[in-house]
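The following blocks contain the structures, represented as structure tokens.
What follows is chain A paired twice: with chain B in the first complex and chain C in the second.
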Partner chain A sequence: MALETLMGALQGGKRIQLHPWYCPLPLLSAMSARTLPTPVLAALVCGLCVAVRMLGWLLFPSLGEALDKSAEFSSPVSSYRSLREALVVASGTMYDGGVVHHPPLLIEALRAVPTAYHRALFVAMDCLVAVQFLRMTAQIKRRYASISVPVWLPAVVYAVNPLSIMSCLSQSSVVFAHWAIVNAVSDALGGSIPHTALFVSLAGYFAVYPALLLFPLATFLLARRSAAGRVSVLVKLGLFVVLNAAVLLAASYKVSGDSWLFLRASYFSLLNFEVVTPNLGLWWYFFAEMFTEFIPFFKAVYNLFLLSPVVPLAIRFNAQPLFATVVTMGWILLMKPYPVLGEYGFWFVWLLYFQPLAGYMRYKVFAMLLYIHGIMLSPIFYHLWIGSGAGNSNFFYAVSLVNALAVGTILSDLLWGMLRHEYDGDKPDFDRKLAQI
Partner chain B sequence: MGLLTNIHRKIIAMGLVPKLLKQLPNFGKVLLLVSFVMMAIIPLDGQYRRTYISENALMPSQAYSYFRESEWNVVRGYRTQIEEFVKNGTSMEDRNKLVASWLQDFGVKTSVYHSEKHNDTLYGILHTPRGDGTEAIVLSIPWYNGDGDFNVGGAALGLGLFRYFSRWPVWSKNLMIVFSEDPRESLRDWVNAYHTSMDLTGGSIEAAITLDYAGNGDFLDYVEVYYDGLNGELPNLDLLNVAIQVTQHEGMKVSLNGIEKDQIDENDYFSRLRTMGLGIRDSTLAGIKKTHGNEAFSGWRIQAVTLKACGNEGNIDITTFGRVPEAIFRSVNNLLEKFHQSFFFYLILAPKNFVSISSYLPSAVIVSIVYATFSLDALVNTPFGSPIFYNTESLLSLIILSVILIVSYLFSQAFVYFPNTEVLLGINAILILIPYILKQKSSLLNEALTYRLRVFGYLYMSLVLTSLLVINFALAFVMGVLAAPMLLVQTQSSGVARNTKSAIRNIILLAISNPYFSILIISNLTDTEMAGTVIFSKLVSAWSDLHCWTWFVVCIGWFPAWLLILLSCLQCPSSSNVDEQKKTQ
Partner chain C sequence: MFGLSKRCNVVQLASALLMLVAHLATAQEEVENKIQEEDQVEAVQDRQPFRVLSDGMQYPYKETLDVTPLPHNHLLSSFEFEMSSKPFFPGVSSSGYDQYDHYTVFPRAIEPLLRRTFTKQLHLRFTRGYWNSEEWGRLPHDGFKSGGSGVELWAVVEGSSKEDAYNKWKSLANTLSGMFCASINFIGASDTNYPMYSFKPDELRKEGLPLFDSENELFLMHASLANEPICTENLTPLLKLLPSKGKSGISSLLDGHKIFDSVWHNMAIDVTTTCINNPKFENDGECRFEMQANVDMAVHVPSILARNKNPIPKPLDGNELHCDLSKPYDAYQCFPAPAQTEIQFTLSELFGRNISGSNDLSFTHSRICAHISDNWLATIKLDDGLFGTDDNCFELTENRFYDIYMESGSTDVILDKKEAPIYVSRSLTGYGQDHGGLRAVFNNPSDETVRLSYYESLPWFMRIYLSTLEMDITSEEYAQLTLNDIIESQYYVPAIDRKRSTQLEFVLAIPPRSTVALSYQFDKAILHFTEYPPDANHGFEIESLVVTILDPVPYQLRTSTLLLYLSTPDFSMPYNVIIISSTVMGLIFGTLYNLLTKKMVTLEEAEKVLATRTIKYKLLMVKNRILSKLGLLK
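Let's turn to the complex of A and B:
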């Protein structure tokens, strides 16, 4: 009630509808009938999603657990292993041991679900993401006539993409952030400020870094508005986000036993890279090998590096909000401290929307080969280092670099493609190239 | 930059890029040749290095060895007792019981591991008087050696050594002695159980020495050292160096990779090339061919070598052979941390010569690049104009590849359960001939697709080789070279195969690059142990007994690539049809 009055006061006494707050489960609001383009298509995609994942479980019963232990699919902040650790500890003391890094509301929500149903829950979340892709693709196609990708394709690619499947089998909690991100983009496309704010806050709440998507997403909402309207949109969006974040954090404070420890465990530990563990990202090697005196400096450098291009990208590509969003997602993926392959699988789906740029991209095959090699070699080199003891950490970091190079190539190629697209205008001229191979 | 831009413009202006692209197959062939040359120059003077001990703490043969004539009577006594076993045909249980009681006499804690599938293994631990007992060194003595001979000398020597070790206070690691029935599955089973389920353990095993001295002679000629682990693993070069150094220090000659006695002393280009070649062969076939005992320790971070006493007319006596494990044990005992990291990848050219990974890996990388080159060639040099990678044909090829992968996996599993060599070879013989039996044009394929299938076939092979490179160099290199004839296979519809001569050439190329025929031929040519089709049953038993995954690498790595190339040879509707399709796209 207090919230409502507050919002009312902010709006100059005019009552606005605050759907997210009054809907008991944001999940339901996302699923409500208004969202589905064709229920049949949605059912098919869900069916495919469930079937493929169930097949994975039936054929390889122990694969999920193995993936949950692998450096590629599991990180301290997203693995089911550490989540399970949290579930056996009493709510008030979860963050005392320094093992748990998941946000408290997520843990409490999963605590409410019996462990036997967790697998089903993760599959259901994947289905939600796939269905949301379906809805969003329809929205995107309505908005941009040039995007010719079939409505069902991104959803199906998400459903059958091996990286997503394996991420789901490993019950990685990245799926919650993904769900929030897809919803946020979809709502930004729909022009709903409160919804966008809610889902961006949720995404940030789950995984910190997606909060940065607020900037590119804001450009969705700013499009086709007067200068005064823009200011009002920005103010509203900002206020909603702050409000949402405040409520989420306050609720977290309550459920974790009136303690702010979760802030350190779930958020600061990410920014500060407190769990030094090998993964496919660029951070770990530095902090495993670096002289102690330089560690704070490089932590700052990495964080700044991650942060700095986000706003410029949003400003430069304000006419292409979707592009700005996807590039920002890719950049975060490249620079974040604990990336997992599940997030790559999610990100690749978004690239489908830029099929019109494909003609301009110069290193598609190269990037793909690089990426495939990275994925194939990373478990091998990890084994050589940790398993057989014949290699060392340089082996695995070399693969991390290959991976980063692949993502960096895709990103720079995408940017080049978009710039050429803007230059050529409506008439694409793919043949004008410096060197064609 | 200006200079580079100029060159770049010149290249464009001269139209070099398309000309160079046309030469891709030749470029690939040259690369393959370069790879061979790079391997061939390794044994040249100046290309290889002398071995050295990288971990200073090891200090091989720096301490005086006391296992001399005073212990001779002990060894001889044990030997007489063990000869009784042979004479009386003592059962495994009684033999182990009796030996356990001997070991207990001087304070060794013993236990017998009863394997469910294989034979029993007796093992004993001599707990260290110094140190915390978290690390152990193993002396492993198979009752029957790889040739099936009773290991009389080895067992007597092992018992004598342990009795002698027990009187010494210098040990800072637990000492373990293991009597397995054979050096293969029983020992492997024991090693697995040691790390998973056993009660009596002595900490992590740092090194394992297998002693093999069949017969009851007093003398020996020379020592063979075996070091190849399963799945491409090698023991740390330092341990191998210590073993060789100590053996030579005691005045014995060392033979590696089964070099004959009369060739031991040779150290010229050809002898080094031979040792290297045999090393690559043995590493590829480790676990598949006769095992010596060190293979069983693979996969658990244990450095293991086998010492085999050869001949019985030489003038080296048995205690001299015993001083080798003694000195190795003392060296490893000195080790404070662990074996040095950078010496797990090497090729041995002579007992005292080696090359490290940076010298030989490039040639295997090049072999992998050759496949990538031909893949690029199949993408670029088609009759269909500018290449588009992301199209329907690629998707179709990808789906076909996935199906073939599943089929190959099921096929490999099926052969493990029903190992019938005739059926295996029969199926493959039919497969080879299918493009020429099937006169009907397949409506599933079109010419563009056959090219795309080749792209994926070669690309897949290249990926497999790249993944294998570091983990199992020998297998990757051998597989890459043996499969190379498939690079020259022509598509049927390219018009080349219409005349008989090139059709026969295609069949031959397909046949010799077929994984099963290829390994059948090469194993018969290079290894006397592999007469006939015995290699297939050995591959399967290496998997089921030792978990050596060479069979699956062949079936899931090589076979699918070959099948894709085979599919690309099928007759299909001619290209005019395809052109129309292109236009409609």
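Let's turn to the complex of A and C:
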């Protein structure tokens, strides 16, 4: 089946209908989503999510700790190690050091949960994300008739995706930002300004960069409104975001012992790339090798670079807010200082919604192979450099370049697909040869 | 052994007067006062063991050498030099009423430095080598005069704020760096710590160190340069501080060639400020700087003697071999005999020099003591004559060449060595250059619980996870003890990148006859390209762990330094990385930019448009326009 699909894709990708290989589990493929009420489906997805993670946990008891130390799944700003470190130090002093980078409210929330239940908490968060995917897919399908993905598919893919599973086992705190992002998109689809603002602020509070999703998400809320209505929506959204951010920061100030140190530890250290640590991003080797005098300049350049296409993307694709959101997420992932594979696992789920574009995409096999090549070689080259000492840092640098190229190819191909889709309208014509001038 | 100083007489007179006054008070007070004053008089006498010349000028200087045989033919030589400055009143500028400072035996280099940097106590250590405490017992001076391998400096500085004190400390370090030709000037904010439990800050404050300004505070600061090479250029400045300048007395023995050829050697300088702190005395508030310089070294005597005989090592002749005849042997090879137990040597053989004369400056003669058992003989050699004493101590009284001759028929019998109260070792665990662990093992061989303070300073590029702190205990009797039972208190200052080092202090209680291991994990950071030293693959030296025993006996020891390997970037790559990274980013951004800004057309349209863009086409258009203007176009 899979081979057939692959061949189909290679032959110009004309067959964009759903293929049986999308149904990894016979049980779910046998059931039509239409015949199942949503709560049952949610329970099934949640059960699957828990079962797969429990299985991983039981089969490989020490995998979580190993992943928490790996360069691919753990970063200084999201690792469970540094979260635990924050938990053993008193609230007032946890940011007076270089190890803790998590936001204070998250730390205090986890402090309230006994350490023994943390693993269960992370699994539960993953469940929430999966169920939220289910809800959101239903919303998306209601809004965009052209999106033909089955309602259960993104949630199930999130539940069984190895990158998400391993991220959950490593107890990476990226799941909190993911939960906020799915909620934000879902609420933006629902048209609720306060809720969108709340979840965008939360996502930004957890991981800084998702705050940029505010721009594409605003285009959800602006759709089908008059010019005057648009201004009022924007003002309201802006006000709610500022209000939420102010409340979150003020609460953080309070819980971290009346100190603003958390701003530097959780946010400024990201923008300033204070901890140079090997990862799949483009920052670390550049700044490890950069001449001291130019480091501040290039840090500014990298931050501006990350920021620059966000608003243009939101404007250009204001008619396709979901697309703008997903492309922005991909761009952030490509350019952020501390990307982890758990975030890629999350992002890939979103690509399922653009399955109608697959026929237009020119390099999808190439990009996929490039990406797989990158993540397969990454642990090997990392070990050669760090563990055995047989290789050097350039090995791992090469992997991060391959990864960037793969994501860049996916992004540009997606954009091309969407532009072709816009050109063709509702009647896809895969034989038409188009160029850009 | 020392005569009373004039000042002591005055003090006694004053105390007698005061006792007279005390008689007038109630009987209860009388008893209390008597006890107090007797204590104080004793204390003052203890502090002033120096003679005063008849002209009133003081030369408070004293020097001693202690020679102690250690097991397995090792020998410990401890030089001690004590001197103190002339009295002064803190906060009163001496030049205010007297336009010159007078220096006798106290080094001219040190006192202005202490005054300028408001330093109340200064401790400097230069140590290299390994003190084998399992064989040799306790460190000399119970470890309070030795440092970790490398250079160690700590000081009590008066300052109005932490920043002020730090600036003074920095100035102190820079001056000492120049004075001792050591890299002490590399001590910066990221190496300096403010110890909480170790180095006895509380007792320092109780001693009542004087403040020049009562609004100031005292700050104890500590820093060390792990595994810094110690060399003859550090010894020479130390000798220059002595009034004898290494020319006479026991300091004439000190020669860099021999000292740095030892198994373990240590140079220490301690300066403290001591004050008379009793309003009943007329010289209340009078202070003086007291300085102690120590040079300790442990040598393996047979190897020094062998090197004297054969400076270039070569195989021994067959008849000089000491063979173990209980094992198989032939004419060419044999198992070596267990270490020989007969030994005879003179100090001049060990140090390469004779003792030239005595300490002529003060009336306290140079004194040499041998701490030996009955199986040993120690004599002083004077013009080929050997003279012994009952207590094996020799006073050098004349301006002649002296030497000490020692011999023993059974060197394995030595005076009862004092067992170290605890054995501590620390090591790095794990492999790979991204994560690691530290493990400190405390072995308490005694029958009492040992309370100790643990002081560890780690560079910022070791990111410590204190949440991973674990304890193992070997003793079955105490197997149920948890981390909280062992750790009485904890003081943890986490590192801040490039600004502050980690400071970790514990007060631990190690149960009797047990071995306790504390371990925790850390991440190794990646530094910026230019922050690596030129020999980046050598690794980074991590300073020793300082263990100070609080109970049952005061004792201090330091573990070996550690060598930490960090992952390194490829140092030949900066331009390549900048170019390649920028290319990839430019490629992706350029593609996206093109896609976002360009118009989508069919290929045929595109070709048409492209055709209109050529210069040839544009020229044609211009030509046509001109022709049409002129009406020539058909």
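The rule is short, and it goes like this: the second predicted complex is superposed on the first by the 395 of 437 C-alpha atoms of A that agree within 3 Å, B and C clash if a C-alpha of one lies under 4 Å from a C-alpha of the other, contacts with A are read in each partner's own complex, and residues count from 1 in each chain.
Just so it is clear, a residue touches a chain if its C-beta (ideal position, glycine included) is under 8 Å from a C-beta of that chain, and two chains touch if they have at least 3 such contacts.
Small disclaimer: the values here were computed from a predicted structure and weren't measured.
Which of chain B and chain C touches more residues of chain A is settled by the count: it is C. By the document's definition of touching, neither partner reaches A:Phe220: not chain B, not chain C. Of the two partner chains, chain B is the only one that A:Ile372 touches; chain C does not reach it. Judged by the touch definition given at the top, the superposed model places A:Phe176 against neither chain B nor chain C. In the superposition on chain A, A:Phe262 makes contact with neither chain B nor chain C. When both complexes are overlaid on chain A, the residue A:Trp416 reaches chain C alone and has no touch with chain B. Contact with neither chain B nor chain C is seen for A:Phe273 once the two complexes are overlaid on the shared chain. Touch criterion met: A:Trp284 reaches chain C, while chain B stays clear of it. By the touch criterion defined above, A:Trp350 reaches neither chain B nor chain C.
Looking at the shared chain after the overlay, A:Asn392 reaches both chain B and chain C. Comparing the two interfaces of chain A, the one with chain B and the one with chain C have residues 389, 392, 434-437 in common. Interface residues of chain A facing chain C in the complex, by the touch rule stated above, are 69, 71, 81-82, 84-85, 87-89, 96-99, 274-278, 282, 284-292, 295, 305, 309, 312-313, 316, 331, 334-335, 385-387, 389, 392-394, 397, 401, 404-405, 408, 411-412, 415-416, 419-420, 422-423, 432-437. Across the complex, chain A meets chain B through its residues 358, 364-365, 369, 372-373, 376-377, 380-381, 383-384, 388-392, 395, 434-437.
Per the touch definition, chain B reaches chain A in the complex via residues 8, 11-12, 17, 21, 233-234, 299, 301, 338, 341, 344-345, 389-390, 459, 463, 466-467, 470-471.
Within the complex, the chain C residues that touch chain A are 431-435, 460, 463-468, 492-497, 523, 525-530, 567-570, 573-574, 577-578, 580-581, 584-585, 587-589, 591-596, 598-603, 606, 609-610.
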